[in-house]
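Take a look at the structure below.
When the chains are written out, they are named A, B, C and D in that same order, and each has its own residue count from 1.
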Amino acid sequence: GCSATPAENGTPTTEESNPTEEKEAPEEKETSTEEAAKPSASDLKVGMVTDAGTIDDKSFNQGTWEGILRAGEELGIQTNYLKPAGQTEADYLKEIGNLYDTGYKFIVTPGYKFETAIYKSQTKYEDAKFVILDGAPHSGDNAYDVKDNTVAIYFAEHQSGFVAGVATALELKEGALGFIGGMEIPAVQKFNWGFQQGVAYANTNLGTNMTIEESNVVYQGSFDNVPAGQQLAAQMFDKGVKAIFCAAGGVGVGAIKEGVERNKQGKEAWIIGVDTDQYAEGFYDADNTKSCILTSAVKRIDNASYDMIQAELNGEFPGGQTLTFDITTDGVGIPVENPNLSDETIKTVADVVQQMKDGKITVADNGEGLIK
Amino acid sequence: MHRYKKLIVSLISIFLGLLVGTLFMMVTGHNPISGFIYLVQGGLKSVERVGNTIATATPLILTGLSVAFAFRTGLFNIGAPGQMLFGGFCATAIGLTFPTLPAFILVPIMVITGMLGGAVWGIVPGLLKAKFNVHEVVSSIMMNWIANWVVYYAVKARFTGTMETESKLLTPNATLHANWISNLFQGSYINLGIFIAILAVIIIAFILNKTTFGYQLKSVGFNRYAAEYAGISVNKNIILSMMIAGGLAGLAGVVQYAGNANCIQLGVIPSQGFDGIAVALLGANTPIGSLLAALFFGLLYSGRGFMTAATKIPPEIADTIIATIIYFAATSVLIESWLDRIIKKRHEKRLDVKTNNQLETQKEDE
Amino acid sequence: MDYVIEMLGIRKEFPGIVANDNITLQLAQGEIHALLGENGAGKSTLMSMLFGMYQPDRGSIKLNGKEVKITNPNVATALGIGMVHQHFKLVHNFTTTENIILGIEPKKCGGLILDIEKAAKRVAQLSEKYGLNIDPYAKIEDISVGMQQRVEIMKMLYRNADILIFDEPTAVLTPQEIEDLMEIMRGLIKEGKSIIIITHKLKEIKAVADRCTVIRRGKYIGTVNVKETSEAEMAKMMVGRNVSFKVDKVDATPGETILKVENLSVLNNKKVLGLKNFSVEVRAGEIVGIAGVEGNGQTELVEAITGLRKSESGKIFIRKRDITHLPIHKRIESGIAHIPEDRQKRGLVLDYTVEENMILERFNKAPFAKNGLLNYDAISKYAQKIVDAFDVRAGQGCSTLARSLSGGNQQKAIIGREIELNPDLLIAVQPTRGLDVGSIEYIHKRLIDQRDKGKAVLLVSLELDEILNVSDRIVVINNGERIGTVDAQDTNENEIGLMMAGVKGDVKHA
Amino acid sequence: MWETLVQIFPYAIALTIPLLITALGALYCERSGVVNIGLDGFMIIGSFSCALTIVSVEKFFPGSNLAVWLGLLVSLIVGGIFSLLHAFASINLSANQVISGTAINMMAGSLTLFLARNITGSGTIRVQGFTKFDMPVLSQIPIIGDLFFKNTYITTWVALIIILFTCYLLYKTRFGLRLRSCGENPHASDAAGINVYKMRYIGVIISGALGSLGGAIYLVTFAGEFNGTVGGFGFLALAALIFGQWRPLAILAATLFFGTAWTISNVSDVLPQLQAIPPVCLKIFPYVMTLIALVVFSKSSQAPKASGEPFSHSER
């Protein structure tokens, strides 16, 4: 259920605030050797190891996988994924090893949980390429060290949340909003913080009047407790909340379900989706035309994995770098199509996005002065 | 004779389980032969993989031992996951609180606290069973969830590190890692935990077969009324048994979280706890049996990823095989009776001779 | 004469034993036919086949001359055959009516709802007609054993059975209740029914039966007319040799008091007083028998003394030492040994070998244990000694699983173990239940040896003969109360029977 | 607080229903003398078969709930069939019923995922389930209406029918009498010419079917997607059975209690009234209460006497 629009432009910028200043010299050496050993599409085998969730979590893992699949179709490479038994470094290393030993030498791993595993792997399997999303390799001491066969990719979730927040505020003008997060992990938190800043921005600059109560911002504590998601959403709606921003995997599923049911009953209940465009998850009429998903705070994980594979095939694998997919490269934001947003909302949002790209609006990626 | 019979039963169960696995592979259009070949290769192909297989098996040995031990006292310890989690948490907590202590002091303390933590979690169902005759299955299931949330909030409150879903990472001196052994296995993550497991197997086997304590426990397990009649305190033994079972599961937690891993994940109930049931069953509830069964499952678990990578057979096939094996182990009655018939045939003759003699002596009476 | 039932050449095997081997039994219309045999002879098995619970391996069953296949109890019921089982088949928390109609429930509202009322009415009528006085709405767990048996009888009558089978109906009754039962039987005969009664009590056969078929160790011995046959003759047929009914023993020479029970009160499983301030003394060198009908407080008494059950009030002394609140193992150390009522539930760990069972109470004492470790050599030596001394027959000797021992051998093993404890007080509960005469004589001898060694013995048994033959003094218990004490020499069945029924006997020679 | 309760209660009931139906199934099973701790497995099977049915047939019934109803029906049947595994093990082979149940749990979890991946290519199956509605007239009744008749799922009323029917079946019919006798004293039933094996098979099959239905309802009411688990509801149902002392109405009370406790602990984060209580207490509340309940009721346990005991025709 993800309306994948092809990436506008694949090459993202290198973030300035990069913890590791990348070394130019090896960069060249790397790329030159790359040219030499430029793999042809057919013999590149791209493998993925899933994070906690399943491959079809309608969110993080799925996004990554869809990017790889798209690459598989459009660029004609072999793809495969493995689901580790547990979530320990050992489990991850084991599956990475399994991929490597079966010839998958381009390995994509979504989630900061892979940081230490990739740290070990990038030295252990020097002839393999690694892409880690939402994190960067380190040995457990947070001293990041991205080797030349590895790319670390971050997303500016806060910007994504910000845009979604602005859009929501503009569309609903006034009323209460809520946030349901899964576990209190950086990505989820940044969505939350960005969303709040976006709403605040709209209130001060765009004349909306949305409120977010402390008790309506919760981290449920898991990504899989579906009933809890529904019940939390129900409580918020009953307390007069108009729209809930869900960055919570399976918990969000429950919330969306509640949104759908309320709309079927003719009540107003909006959900703001996350990661991918979740519009299709929220259909509540027979012929799938109306959805309770107001919009989604998207982060184009699929583009990330796709672009890296493409780069590899072009011999431009940006090894050793730490990239950030942000608003400037449309790595984050809201979906291109938003049937539930009025045209002027879309117009205003587009304008805000432009200002963000121009650096006129900056969004903080920390929770200072914000709720939770 | 009995041992021997049990062994055959287990082997037949395994065979049937693999058979069912084969069927599923074929039905879903995969080639079972290559499937199994890759499965085994994945577990044993290289020295490193052998090491990983052993490491995977290590916590299973201990949870299996835990379940088996309780079983010998007539208790079904389905609470191993909770005990493992809580024990592992206690050990990790120590490790994170005193990171500066030298390993040779810190690690033993962690091992002991882990064991105690598990024991504490195991005692509760034991007490409820002994004092109120609450079925240990239900109570230990509740204890599993309680453990999950208690650990969740305890870690969040005191031990969160950079990753919000995990505790702080243990420093190397606070883990069972040892370079010499992982180098021995070409960088496998195998660790000293395996020695703890083997030691536990030996000790438990010794307790069960050679000591008066084991005699008591088994008496209670086989026939609590006879035990009571003979002056053996049933309640005391039930509690002790659950405590030890919990302790073993706690050790599993130590080798898992401070050996195979170096931190605790939030909101994850360790699957090794449940697999312990399977291990114990397949191991006929004997320590040695648990050891072997654990190694077998370890092979399946560490091999399946390789299989999936090479053949795209969904990894769930491994769990399906295991579950099927358990079912057949549970219904071993069928296999046993079949074996009995064979054994009987062999004994028939001798029996006949005996009975004839008895009849003669009676005739003389008359 | 014409037979309603003919069982011809019946054979039935069970794993490890031939329970019935070519047995013939012919039941004439309107007669009471006794089936006589020792425990384990195969009586119940034979009747179970007539009632369709087992299928014969060989042989045929004829009803009124034509052959029938009785594949299950329903068929038997349809054929008018009913059976009161040795162990009652009643659901404890159902009412009498529910138990009676189970399997043939009447329905109302087009078969949608049970018609209990209708059934209850019918039960009331029948119980009126045959004088069973059954309360249709009483719960089984609340009524007496005698009443439960009458419910079992009512089951048959309710199903209009004409051929009634009673499997050891008297084992659980007082002599008076037995009298009533026989009255009921005679009444039934008048109503045109025919009866088979299983028993190994010759007196009863003499009292009611017309003819008697004897089987021994699963083999058919013969059928005799009761009038023309003496008890001794029947006994010889049953056992295969002359049996001495009296156990020969010298007079007791009681010494100091070993066991002293003072005003003991104990709750039974229903949490009401099963034993009411009961007192008894057992002195060194005497055997005291506790006579009473099953479920009148014997179990509570024994379990209170051995510590399996806690006592509400009163005191228990062993040699003046108060053991009322000691844990079980302390009591064992203080010199109590106990041959339990249920050998398989309490007496043995069936999954242990014989030798492991032989040290059940002493596993942690030297020489069997040294600082926590078991010493298997010592254990097998000890076990071997017992097995030889008490001639326990087991397949692979001491390393046989207790489970695969025959009932009798299991019992012998237990008795050996307990006597080897060399206790000051030996409590023997139903020591010979389910044993052949040989074993019975042997065990009685052992009890008396124990007495003659100057030890105290407390014998609890439902078999009056056993009580009368073995004990020196007899304490009669009824409904948890001590009715009286009599001297074994100068009393008789009737006196004790009356007392067992609760009639206070004179305590002159106590 | 009151309006919070009014708001929570319908969701508590929604949570209760799958528990209730599953526990009722287990009731039949244990009353017939077979212990069934495979409930969780049966629920998973149900949620899987229901989900699969819905996604494969919903295109034929656009804009109606028929697909969902069909899913429930299928889950009922599949669960019944799957339960034969447990029946065969525990009735014919007199295997250890607890272990057999455990095997069922393990098998259900892995097998359904395996099949889901092979059939749909995905380990999770999202479905459109039922929607809540307000009972036309009844919901207008002052207090009762708010609590019971607002925001109810149709399945709630199905469940109530099932429980009423269960009471009637167990205590008023020939079948009930026979079933209960098999759980109390199978030898008595045997002697009365009742086929104990058959009755126990029926018991287990009903339990499998209802457990499976429970899982399906879990899916179509609040879960919304199959993902290989039912959040341990099967085990809660087992606890509820014991908590409810093997009596239908008591079980209703027990499950309702669990449902409410769970809901409260779920929504505690957004209830200002509960902010004072440390979250961990709220989260473990249902489980601790279960333990306490088990202790309280252990004294007066009404467990069927022969439950868990293999019955063999030949033994006396």
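Just so it is clear, a residue touches a chain if its C-beta (ideal position, glycine included) is under 8 Å from a C-beta of that chain, and two chains touch if they have at least 3 such contacts.
In this text the structure is predicted, and so the values were computed from the model without any measurement.
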>> Which chain has its C-alpha centroid farthest away from the centroid of chain B?
In response: C
> Using mean CA coordinates as chain centres, what's the chain B-chain C distance in Å?
Replying inline: 45
> If you average the CA atoms of chain A and of chain C, how many Å lie between those two points?
Replying inline: 78
> If you average the Cα atoms of chain A and of chain B to get two centres, how far apart are those centres in Å?
Replying inline: 39
>> Rounded to a whole Å, what is the gap between the Cα centroids of chain B and chain D?
In response: 29
>> Among all residues of chain A, which ones touch two or more of the remaining chains?
In response: 221
>> Could you pull out the residues of chain D that touch at least 2 other chains?
In response: 279, 283
> So which stretches of chain C touch two or more other chains?
Replying inline: none
>> If I apply the definition of touch given earlier, which pairs of chains qualify?
In response: A-B, A-D, B-C, B-D, C-D
> What residues of chain D sit close enough to touch chain C in their complex?
Replying inline: 172-174, 177-178, 180-181, 184-185, 187-194, 305, 313-314, 316
>> Help me check something: in the complex, which residues belonging to chain A touch chain B?
In response: 47, 52, 80, 82-90, 93-95, 97-99, 101-102, 104, 112-113, 116, 124, 140, 142, 183-186, 189, 221-222
>> Using the touch definition from the top, list the residues of chain D that touch chain A in their complex.
In response: 7-8, 11, 15, 62-63, 122-124, 126, 128-129, 131-133, 222-225, 227, 229, 231, 262-263, 266-267, 269-272, 275, 279, 283
> Inside the complex, what are the residues of chain C that reach chain D?
Replying inline: 14, 44, 53-54, 72-74, 77, 83, 85, 87, 89-94, 98-99, 102-105, 107, 112-114, 155
> What residues on chain B touch chain A, complex-wise?
Replying inline: 42, 45, 48-49, 52, 55-56, 152, 156, 162-166, 169, 187, 189, 256, 260-263, 265-268, 270-271, 301-302, 305-306, 308-310, 312, 315
